[in-house]
Each structure stands twice: as structure tokens, then as C-alpha cells.
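Right after this note come the structures.
Common to both upcoming complexes is chain A, partnered first by chain B, then by chain C.
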Partner chain A sequence: MKFKRLSMTLMLLVAMMTAVGCVSSSDGQPKGKSTESKAEEGLLTMSWNKDIGPLNPHLYAPNEWFAQAMVYESLVNYGENGKIEPSLAESWEISEDGKTYTFHLRQGVLFSDGTALTANQVKRNFDAVLQNAKRHDWLELIAEMKQVEVVDEHTIKIEFNNPYYPVLQELSLIRPLRILGDAGFPEDGSTAEQIKAPIGTGPWVLKAYKKDEYALFVPNEHYWGTKPKLKQVKVKVIPDAQARVMALQKGDIDLIFGSGQLSPDSFKSLQDSGNYQTAISSSVSTRVLAIHSNKGATADLRVRQALEHALNKQLLIDHVFYGIERKADTLFALELPYSNVALPPYDYDMEKAKQLLDDAGWKTEAGQAFRMKDGESLRLQLAYNSEEHVQKAVAEFMQGEMRKLGIEIELIGEEYQTHVQRQKEGSFNLIFSETWGVPYDPHSVVASMREPSHADYQAQSGLAMKPEIDQWITEALISTSEARRAELYKQLLTTLHEQAVYLPISFTTHTAVYHDRVSKVEFLPMQYEIPFHSIEVRP
Partner chain B sequence: MMRERALAVSRSSGHMTMAIAGTIVVLGAAAAIFAPYLAPHDPYEVDIVNKLQGSSWSYPLGTDHLGRCVLSRLLFGMRVSLGASSLCIALTFVISLVLGMASGYVGGWFDQLLMRVCDVLLAFPKLILALALVGTLGAGMSNLILAIVIVQWVSYARIIRGMVQSLKTQDYILAARLAGTSHARILLRHIAPFVLPQMVILLAVDLGKVILLISEFSFLGLGVQAPAAEWGMMINDSRPYMLDHPALMLYPGLMIFVTVMAFNKLGDGFRDQLDVQAANKGRGWKRNGSGSSRFIRSKSKHSALDKQQM
Partner chain C sequence: MAGYVLRRLIGVIPVLAGLSLLSFLLLHLVPVDPAEAALNLSNPGASEEAVQALREEMGLHEPILAQYGTWLYKAVQLDFGTSLVSHQPVGQELGQYLPATLQLALSALLLLLVMSLPLGILSAVYKGSWLDRVIQFIVVSAASVPSFWIGFLLIYLVSMQLNLLPLMGRGDWTHLVLPSSTLALAYASPLIRLLRTGILEHQHQPYIQAARLRGISNPKRMGKYVLKSALPPVITALGITIGHLLAGTVIVESVFAWPGVGRYLVESVANRDYPVIQSYVLLMGTMFILLNLAADLMCAALDPRSRLKEGVLP
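Take a look at the complex of A and B:
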């Protein structure tokens, strides 16, 4: 795994050099001319940090969300403010008991190869996903799905084990339930390994692709909805953040979009230069530190509370995030469903933090740099993903701040895979985590809190009321009573807040930086989607 | 005549280089030792409000992305670089000396076994092997030092073995044997004194390379862990600020450059002097130097950390 990280870094270096090389070579051409031809073709060039992957609609990484969303569509769409809108399904009915959903498919929808969308094809897709159910066990929807039935050519009925309330939200997800065309299925009908060709009903078709270099999309001529204004979208793979900035400055790319594609410092520097258009989205997800309630000193509630009081978030927001991310005091943004629970925030208060640590028995002793209890010094492990520069900056800031309080923070920076493994194993006192953003927040995130293979479960594992927490979650997800559900969520969020197992830091956002010739860059309600349908480029 | 003069000029310019390199090394070592007194600030003190400041009277080289004093961090980084690389070299020295001498002197199956182990270790590119070791052992300074020692000792042990083997057949050793001197005494009194000086120079030549290696690993995040001040890590930390604050990257880069260069020049100088000494002694050198400078030259050709392997 370390190797992967290393090879990543080496690749990064190589890519950086290549990028620099490309930039200078394209510089050789007369600049005005190349811009003109771009505009003629309606070409938008965007950078992305990774390859788009094999475009399998039923699988996860290394498939990139935004590319899957360009090619494939789901039965329903997640619209503004969480409103579920028709997509491939024009209308639907939900049975009295909330267990049966009947979808009426839109007529005349064609796949990009010209074949028609039928109920049979939808069933085939759902069955392929259900066959591979183990791979999707994080998603409650798949576990609840009992069977899929074709009623007639354009009607499909899905039966569920329980009246699971977020069915429509989860059907709108980018993966794993989007619809692949007949020609895309391998001979054995299983998409668990690979697909034959990326054939979907979405607005874009993959025209050219070179792994780890670029992908070129053109509009799907059979698309049923409003056709995009762009004629071509080129996604250039540039793994290094600095190389992306340089490519933008050289005019090699038109747009950098997304979360984590630009460091806050680069964004600010590009914004301050005044040469580009910039935009910041509303909150997307929550950046939190999960605090382990069953490991070392953080098993003590007072230590956890002390940590909550000891972090000066405002300083971080102002000087690390430059206001690009907003300060967070709760696990979920208040505007999310069921999340508007009045919880008193843990204010920044060093005195209170000191008092709490003293009460917990961790006392400052003469001659000791850190607080001591029973001959042991107060030492906590904080794990971060070393590929995310922001996490490292926050971690180092926290380390410096906690030193003043007498807490020694040991930083563990690991590459992504190892970091995720650590989350699952629970070998941390504090670990960086992020909620999943809409439409997953809050229901998918709380559902996963019951799975031992999640940082959330690990962090909560020391709470006396953990069994009840799991019960509340299960009940909330299948309760048919709106009021009961709200009550359960309130109970859950209040308990998690009082027990201080999460230290919310900020609400993450998407940023976009683009050249003047690009316009109508909007942010979509669903995280991970990029608004190619609205973007326009002018000469 | 001409040649002699040219030689004299080159030798004096060589002395000049060595003097400069030596001064740099001494200054560096002094800076490392007295870092806590020289540094204007605590190198770990985070002051995020004052981040990315330019040079000023209180922060001569400005502050980094967390508002820490760059000069103080560079000084403390000197400690890490010099300390860790000296430790590496010392460990390598002890291990390769013991094993190399034993292998060369005892010979037989022990020699065979050890040399086959060496063959295996030498079959891999050194950097890759060190990376694999650090990867398995886990990132961290002690593991990094261990990994470097494991990949380093082999080539030295081979050189020492060769030297011991050729010394072993010298008349004076045979005479000692005949006189009934014990093996331990022969090794310690009659062989080691010839091996040691050559080894010290060899290791001095490689010290610069070890410093570079430690910085490389720290750059990749496999060496020291945050918040320790280390040059390689400082370069990596400043990557996101490369465009707006290139100086952040430049300072630690310069430090590495100057230090490594000084050590290399010093090592080269020592080696050249040894050559000259050996040449001046003419035929007599064979007994005294026992061909060690030849070993050193051949050693530096396929040195443990040679550029091709990096």
C-alpha cells in the first residue's frame, strides 16, 4: 500500500513534468488561433485529478462519479432542496404500506446506440446489481430490495422488505443503480467485473479515451432531454494540483471544478489575480474528526469534550480555508432533512477545556511537557490522509494548539487506502472523516453507523448506549410515521453531540475557477455532478 | 615540468575546495549542535495568523504555511539530517566492519554464505529495496535508518572482505601466524589498522548521499513524521505554495544542495589525497596501503547509492 502511494507520487512527478512539457509545446502555436478553433467546436477542456475509469454504472472506484453521471441516468433525479424529480421514470406510485413502488418509464427514450429503453432492460440492470449485493452492502436500499417485476413494456414494480423511507433518494444516486444499455452487458450478464461498452441514456457519449491522459465526450444525439450547448467536453487527467493551476494559467484547460481539486491557497491566489471567474458552492458535506470513544484517553467523555472546546475553528476557517469552507458545529448541516435539531455548540474555550482535563484526572505536573495521569502522559493519535494537503494543515494546526493545552498529538499521515483501512479497524483516537453529502446525508451516513467496518461505528463503539443508537437508526429508516422519524433523528443527533464522538470542523464546498470565455457554471444539488448541460463557451 | 605545475595547481585548488567544504561542514555541525540557541523561534510553534510571511527582522526567512519560523526549522532540520545520517553511517560501519572482516579472514562456508546474502541484496536496486523495507516496516525515522543500514552494509562488507583477503596472504601476517599470534590479535592489531582509515574515508564520501536519501524519503512522507523539521519534508509541505511562495521551497532545497555538495567534495578530496599518497610511495605502497585506494576507486564506480540507481 505504501508502494501505491509512492508510485502515485512518482506518477505525479512524471505527470507534472509531462504537463509542463505539454504546456510549452502547445504554447508554440499561435495562441489566438487555437482559442478560436476551440470556440468553433464548442469545446470545453476541464482537468481532473484521476482517470475517469471504465464507466461501469454498477461499480465504484476507480469509476469517477461525474463521468458516470454524464453517460448514465437513473429512474429519478435529485433536484433542488432534495425534491425528487422524474427522469427515466415519468411517474411513480407508492403502495399504502410503503413497500411497493411502481414506476412508469418515459416513452421514446433511446440509448446512445439507438436501442429503446424498456422495462426489461431496467430489470436486467437491477438484477445485475442484486446479484452482486455483497458489494453494495453499505447501501440499505439494496438490502431492502426484495424483487423487481416487469408489469408491461414501460412499467416496472419494485418490492421492498420494509417500508424504507429513502427509496427515491437512493434510486437517484449516481451509482450503483443507473441503467446500462443491452449492448453494454457482457455475455454472462454480470456487470460485477466489467462491462462491454459504456452505453447509456444520458446526455453524453464517450467518443475518445486514453487511460490516464484524457477522455473526450460528445453529446448523445438520441438524448431525450434538453441537449447541452457544448459540442465537446475534454477531461484532461492532471494528478498534481499545482500542475492543474499551471495548466489553467497557460490556457490549456478552461475549468477546474470540484472539491479538493484546488487547495484553498491556490483558489485564493487565482481569485486574487483577477484574471479568472471563480465560484464557491453552498455546503456539500461536513468535514469532521471522529473521536474514538473506546480507545485510550478519549474513552473518557470529559477528554472528548475538552477536545471539542479546545479547537479554534474560526481561526482555521479564516486562515486555512479563507472562508471557502464554513464553520461547522454539528455533524449535519441544519438545512438537511431531520437535521435541524437545536444543539448548543461547543464554543472555543480553553479554560473550560483545561478544567475538563483536570476533572478527568489529567493534570499538569512540574517538569512534564504534557499532562499526566497515573504515570502516563496524555498522548493521542490523529490520523489523516496524506494526499489531502488541507487535512495535514488542519492536523498540524491542531497539534500545535493541543500542545498548549498539554496534549501530545501524534500525527499519522497515510495514503488513502491505508487511511481507510485505519478508519475501518478503529486504530485511532482522532481521525479525519467526511459525511457523504447530498443525497446521502443524513440517512445513508447514519445507516452506515451500524456497520462495524466504518469509522463512525468504531468511534461510537465505546458508548454505553451504542445498542440503542443502532436500534434508533434501524427504526428511523423504516418508520412510516414522519413524526416518529423526526423524533428518532433528534434523539440520535442529540446523543452523538452530547457524547462528543464527532468534532465537526467545516462544511466542505465545491469551487470552480474558469476563464472568461466560459459561462453559466452552476452548482448542482447532487454532489459529484458537473453542470455540463448548462455551461457555455464563447469564442 | 608543465605537468608537475598543472598537478600542483590542481592540488592547490583541490585544497581550496576542501577547505571551503570543510568549513561548511564544520559550520553545519555547529549549527546543528547549537540550534536551540541559534534559532530565533520555537520551530514547532504554530501561529496561523502569521502564516506565509516574507522576511522580516523577527522572521529572517519568513514563515511557512502554519506560521512557523522557516529559519528555525532549517536549523533544526540540520540536526535531523546530520544526526540521522551520521547514525546510519556509524551503524553501517560497525556492521560491515565486523561481517566483512570475519568473512574475509575466516573464509570457507561462512564467507560463501555471507557473500551469497550480499549477492541477493545487491541484485535489487538499492533505492527500491529501501523503499520496500520502509513500506513493510512502516514510515518513521527509526525504520528509515534501519532500512538504509540494511541496504548499505553489503557493499562495504564486500570491500572490507576483499581488503582482508589480500592482507591475509601478506608475509607479515603469515609471520605473525607462525609466531603463534592469536587470530583475534591479528585481526585487531595487524589487519584492522589498515582497513579502518580507508573505511572512514569511504563512509565520509557516502555521508552526503545518505543525507540526500533521508531527505528523499521524508519528501515522500516515509521518513520523519510531522511536525518534525526536516528539509525534504519542508519541500513537500511547501509544494502547494510553489507558485506564490517559491522561497519556501528554495531554502530547504539550497540547504540540501550545499550540505550534500560539501560532504561530497570533502570525501572526494580525502580520496584524492589518498591516491596521491599512494602514488608518492611508489612501489612501497603495496605493503602499506595494500591496494586500498584501488578498492575505493572501484567502489565509487558502483557505489551503493550511485546516481544510476536512484
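Take a look at the complex of A and C:
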């Protein structure tokens, strides 16, 4: 009997603990409830998958682009349709030979600590970046920069080695050439490792920050431009995509913005629920498969062309992307500079694809699942970044489609770093790649095609005209004749298209999902900026 | 006893040295080094010269064993180097993330004990009854589903449907309930089963029968004799479980946006931040060894026979 009593006591204890747990948790509930984000007026809460980083304007990861763009500004802005607009520089002149740029700084611009923007401070920033030039050698602008000279307090002159045409485009980049205030510089004057404080001229100031938890921005009271309507922006770090969706559903956050922050499935289901506002931007960059022209079966042009014809992109767009990304037939969207070249698309045509493979000698044989040539079966390696669910979905779709054609696709999913390594080494037949978006597209992407460490170079390495391709690119970048440059771009894009070294899949987009209290979520031309200046919230 | 503890503590040193050497070598076998990783992340990529320059800056051009020597020389002076990504001292960074993880692990441990001890005892005492079956069902289910799924389920039910607790993040104690329950549930099953088996095994031993004949009451017999013999394997398992609670929080931290050391490690692996990974392995290794030692000592205190085996008794 006593034995039973002991057990009963224990059982009661468990039951009580559970009950106590529940009761007291509902007591504590108001604190943790969803009202948090609505309590304060003018507060917008957004989720992000990573910490914003140390906000060093002259460095890259782990600094997050959008946060750098909130705090720091550059001399010029990249506006709609690629128009370069004044920012910290009010106006500028370019010398006849295209090698000297003189910028007139806007008067009365103050940093967030109240100090004034001067030509000296701009030079100091440029010098700090040049000091660390090795780190920036992917950026042609830095390599071309000869010297930076202060003319007077509000005028600065930059001399270049060559008449490099995309100077203004690259000056508009979010990094590495944005301007840090005097108080942000460490004692030794070098920003190569860290900065002292994030002091910029931009519309936002970092007010509170807890690494890997949140960052709170408030408007910069000294900002020279139109002040944002929001009173505060809170960026909550939520690493898991599904958790971000739940946080939005509960009302803990107001907005999920960007590309890759939501899976197409989540976007679709949030959109279908009818409880949220949703928006999709215009094209941001191009998602392509680079096809290796110097490796295995894909060294044959006919095999590459067969692949181009065999992918039913529309089906992919409808069923994997739910229309969130749009179908792409060219490496660059036609509205980009120099990219409006008439190129006949490779239409979805299975018969043509089969014919091309037959012509290339890859024949179907009885008893063989895949096409054969000289006793070998047709097997291609397709590499993707395993952290990108979309890539995996596209890769699996591709595998199924190609099987119908008698091509065996071996999928290689690897974590990001190993995936990049594979790109550089060129050990793939097909590999996922993405253009970089404006202002990099098209000139920076094209410039990088000359670098052996890029997938593009590897993919093109089997082309007989590769040396000419590289020459055209080099010439286009420093040609002073607009007509000649357009002609070179046309030649380049046509050749790459005809040689079928890229299989364009879709134009990526940004998506935004937000609660009704949020309005005026616009998309900006630059891939990594978030339109906090226009967003409004109702209490 | 003191001699035994001292001998065990001295034994820790070669284990840690071996552990650090092994992890150092393994790290360098992983494709892509920190210099390349840093530049890869700075999308768009960089040239081979830039990688080489950064490698030299990071000291990666030296032979591996020389690098290990430098690291070890500093580590014994408790200088764990600076992160290759943030340029902050690793000790300081770990110190920032560790409290969150410790807090989570401790509260999970508490829940784990509160859950598994009564359930284990109950299911042994009522072996074969409906209660035992219900507990077994829970145990098997909790052991079969991945912890992120339990996490999402808890978030969905408790936080979203019932609106009882906050969804995620770190704050007051209400933020702790869901993540620590998730962690505790994942590790409760083996403990409950061990305890149940242990009790069942000892319940019918001759010395327990003798105690019963001597008229010792049921609860006293259970508490003083059966449990005392059934606990040592549970304690040993618990020692390892605590280690797992500390080192296995990555997924739970990610689901609940908990700013702990697990996420810091995952990011560091992605960035190939050698000093951080190395220090983390050393820290967790030390914890595991110390917890194991503590468990052994507790067992020795409970069971004189194990002291005899280890030659602790004079």
C-alpha cells in the first residue's frame, strides 16, 4: 500500500509541476506577447537571417549590405534605370581623356556626430581603402585609381590610370568606398581590421545593438536629405527561415524583405492566406547554370545546345518558383546597359535536343537507361550550394527532365565554401551561378570572366575564341567610344549565347511580406538596399 | 580519494593535448582555408594573389605543425588567439556567447531531471500497466522525432495557438521554457529507460528480498536500496548528457533565435575561423572530461564497489 502511495505522490508532483508551469507562464504572458512591436509608435520590426556585423564601411562579410547602406553614403547614387545621381557629391566633371574626375561635395553635410563632411575626410576614407588594396582587387576601380587629391575644402579630384568607363557606377557601390566619419577611425588610421564607431552621413544611426539578437536604428538628426517617416527600425536576427515565418504570423515582426529570406513555398502560402501584403520586385539578377566547355561531354557544342533546348523553363517557373522569379533567356536582362542585343532564345524543344545529341554521337541503345557513345554513358555533374533550397529544387527538376532525354545528371550538393572551391577549380559540367545585380551588371560580371578563379572563366575555357573574348572585355571597359563599346558588348553577348556556355534559368527578385499596418514598401534599384526611407507604419 | 582525483585530473592533460592536435589536423584537411573563405564571402570573388596575401597576414603560410605549436604555446597561457573574422579575442567572444548557452543547458538539465526521474521510477514500479505503456509511448516518440521538429511543434502549439509563451529570442524566464523543453525532451528518453531498466533489474535481487523480509517499508526500500544501485549508470549517462546539452544546442538555438555558442560555432565553421573552432573543441572537450569525472566520483560515492575497482579504497 505504502508503495503505491509513494508512486501516487510522485505522480501528483509531476502533475503539479506541469500545472504550475502552465499557470505561471500565462501570468508572465503579457510581457512576451505579440504586442511588443506595436507598442511603440513609428517602430518597424524586420527579421534578418544574420547579425548586421560591425558596420565597417570599407569591408565585406560579416558586414551586412543593407545595414552598411543605412549608415553610410557614397559620392554618387545608382538610381532608376542606371541613372547616376548626386549624393555626397553635388556635381562632378570628367576630363576629356576620361581619366580625371573632379567631385564637388555637397555643402553643409554633417556626420551623425555633428562633424562636417570635408574633402579631407573623403580623401582619408579613399586612402584607407587604397592602403588595403589587395583585399579589394576584385574591384577594377581600385586597381585603376592612381591618386586622390584634395583641391579645396569641398572639392576632390581622383585620377585614374585608364579611361575606365564604369567609375561612377562603382563609386555608388555599398562597399568599399563609402564615407566614415573622423570619430570612426581607429588611432592607427587603418580600417582594414576594425572601426571605432559606426559614424556616417546616412539617414540612420545605430542606437542599440546586441550581437546575434537585434540592432536598433533611429533617424540621423543631422541627415541632409529627406528624413525617413519611421521613428525606429529594429532588425531581429532569426536564423531559421521557418521561424521567421512564424514570427511574422505571430506579429513579432512586421516585415520580411529580400531574396532568400523566404522560400518560394512560404511566400506562396503567406500570400494565399490573404492576411498579409505581399510584393515582388522587378528583376534583380540572373540565375544561370554555367556549362563547362572543356570538360567531358559538355565540351561538345551540340551537347550544350541540347541542354539549352531540353529545359522546360516555364514549367520550372510555374511549379518551383510559383512565378516569383521570371523566365530568363539571356545572361543579362535586356533593360541593363549594353544588354539589349537581339538573341534568338533556345526554345523548349525536346525533338531538337534529341537530334542534337544523336548528331553528337550520343545514341540511345537497347537495354541502356542512358545514351551511349564509345561504350560510355552520358553522365553530367551538376553542382549546387546545399544551403540554397531553391538551387536544390531546380537541380532535382533538371535531373528528372534530363533523364527523359537519356542524360544522367549526378547532383553534387556542397556547403557554400566547398561549392565555391569547385567553381574555381572547374570540376563540374553544370554549376549554379548568379549575376551580381546592378550596379555590377553587366560590366563587373563581364570583367570577372577574365579571372581564372571564376566559374565563368572555367566554363568558357574550352571555347576556341576565349582569347578574343578576353580582349573584347578589356577593350570595352576602357574604350572611350560609346559606339565601339556597344559593339564589343554585342559581339561578346552574342558569342556567349551562340556557344551555349550559360543556361539562363530565371531572373531573381526580391519579395516582401508585411502586415497591413506597414505601407509604401518600394523596391530600390540596388540589390542590397532596403527602402526604410519610404516605409510608413500605422500604430 | 584525493590521490584518485589528482590522478584523474593529470590524466586530462594528454587527452586534451591529443584532442587539440587531432582537431587541428582535421581542420586543415577541410577544403578551403580561412583566407579563401573570407574572400569567398566577400562576394564577388578574389584573385589568387589576394588569397595569398591574406594567407600570410593570417599566418597560414607556415607549416601546420609550426602553427599548432604557436597555438599550443599561447593556449597554455590561456591566450586563445583572435578570431580571423571579427578580429576580437576568441576568449572574449566565447565569453559573450557562453552565458546564453549555459543558461539554456542548465534549465534544460533541471527540466530533464524533473521529467525523467519520476517518469523512470513510475514506469518501473507500474511495469506493464497502462501508465508504463503511456510513458514508454512518450519515450519512444520523443526519441524518434528530430528536435527541431519538436521545437516547431511547441512553438506552434504553445506560442502561436495558445499564445502562452514568447516565440523566440532571449529575454526573461518565459523565453527559456520552450527551448529548454525542446532540449530536455530530446535527451529524456535514454535516461528514463536506463532508470527503468536499472530499477527492474535490482528490484528482485536477493538483498532487496532480504530487506523486504526484514520488514523495511516499500518507499524506504525503493529510496535507500533499489535506487542507490540503479542510479550509477544513470549518473554516468547524465554526465555525458550534460555535455550534449552544452554542445548540442545548435539546432535549438537556430530555431529559437537563441544567441548562444552553438550558432557562433556553426558560423565559424562556415568561415573556417580556425582559432574559434579550435577553442570551442578544447572548451567542450574539457567540459566533457570534467563532467565525466564528476559522474565517476558521484558513482564512487554511491557504490563502494566501484571505488574498489579503481583502487581508491586503501
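Everything that follows uses one rule, which is that the second predicted complex is superposed on the first by the 499 of 539 C-alpha atoms of A that agree within 3 Å, B and C clash if a C-alpha of one lies under 4 Å from a C-alpha of the other, contacts with A are read in each partner's own complex, and residues count from 1 in each chain.
Following the convention adopted for this analysis, a residue touches a chain if its C-beta (ideal position, glycine included) is under 8 Å from a C-beta of that chain, and two chains touch if they have at least 3 such contacts.
Model, not experiment: these values are computed from the prediction.
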item: Contacts of A:E64 with chain B and chain C, given as first, second, both or neither; value: neither
item: Which superposed partner A:S386 touches (first chain B, second chain C, both, neither); value: first
item: Which of chain B and chain C A:G413 touches, first, second, both or neither; value: first
item: Partner contacting more residues of chain A (chain B vs chain C); value: C
item: First (chain B), second (chain C), both or neither touched by A:E401; value: first
item: First (chain B), second (chain C), both or neither touched by A:D300; value: neither
item: Partner chain(s) touched by A:Q242 [first = chain B, second = chain C, both, neither]; value: both
item: Touching partner for A:D265 - first (chain B), second (chain C), both, neither; value: first
item: Partner chain in contact with A:E325 - chain B first, chain C second, else both or neither; value: neither
item: Touching both chain C and chain B, counted on chain A across the two superposed complexes; value: 2-3, 5-6, 242, 246
item: Residues of chain A defined as touching chain B within the complex; value: 1-3, 5-6, 9, 241-242, 245-246, 263, 265-266, 269, 315-316, 319-320, 386, 389, 392-393, 395-397, 399-401, 403, 410-414
item: Footprint of chain A on chain C - complex, ascending; value: 31-32, 36-50, 53-54, 85-87, 96-97, 114-115, 118-119, 121-122, 125-126, 131, 152, 155-156, 159-160, 163-175, 177, 217-219, 222, 254-257, 259, 263-264, 267, 270-272
item: Contact footprint of chain A on chain B as seen in their complex; value: 44-46, 48-49, 51, 65-66, 131-132, 134-135, 139, 220-222, 225-227, 237, 239-244
item: Chain A to chain C touching residues, read off their complex; value: 2-3, 5-7, 10-11, 13-14, 17, 21-22, 25-26, 28-29, 31-34, 54, 59-62, 134-135, 137-138, 193-194, 210-214, 236-240, 242-243, 246-247, 249-250, 252, 415-418, 420-421, 424, 436, 440, 444, 448, 451-454
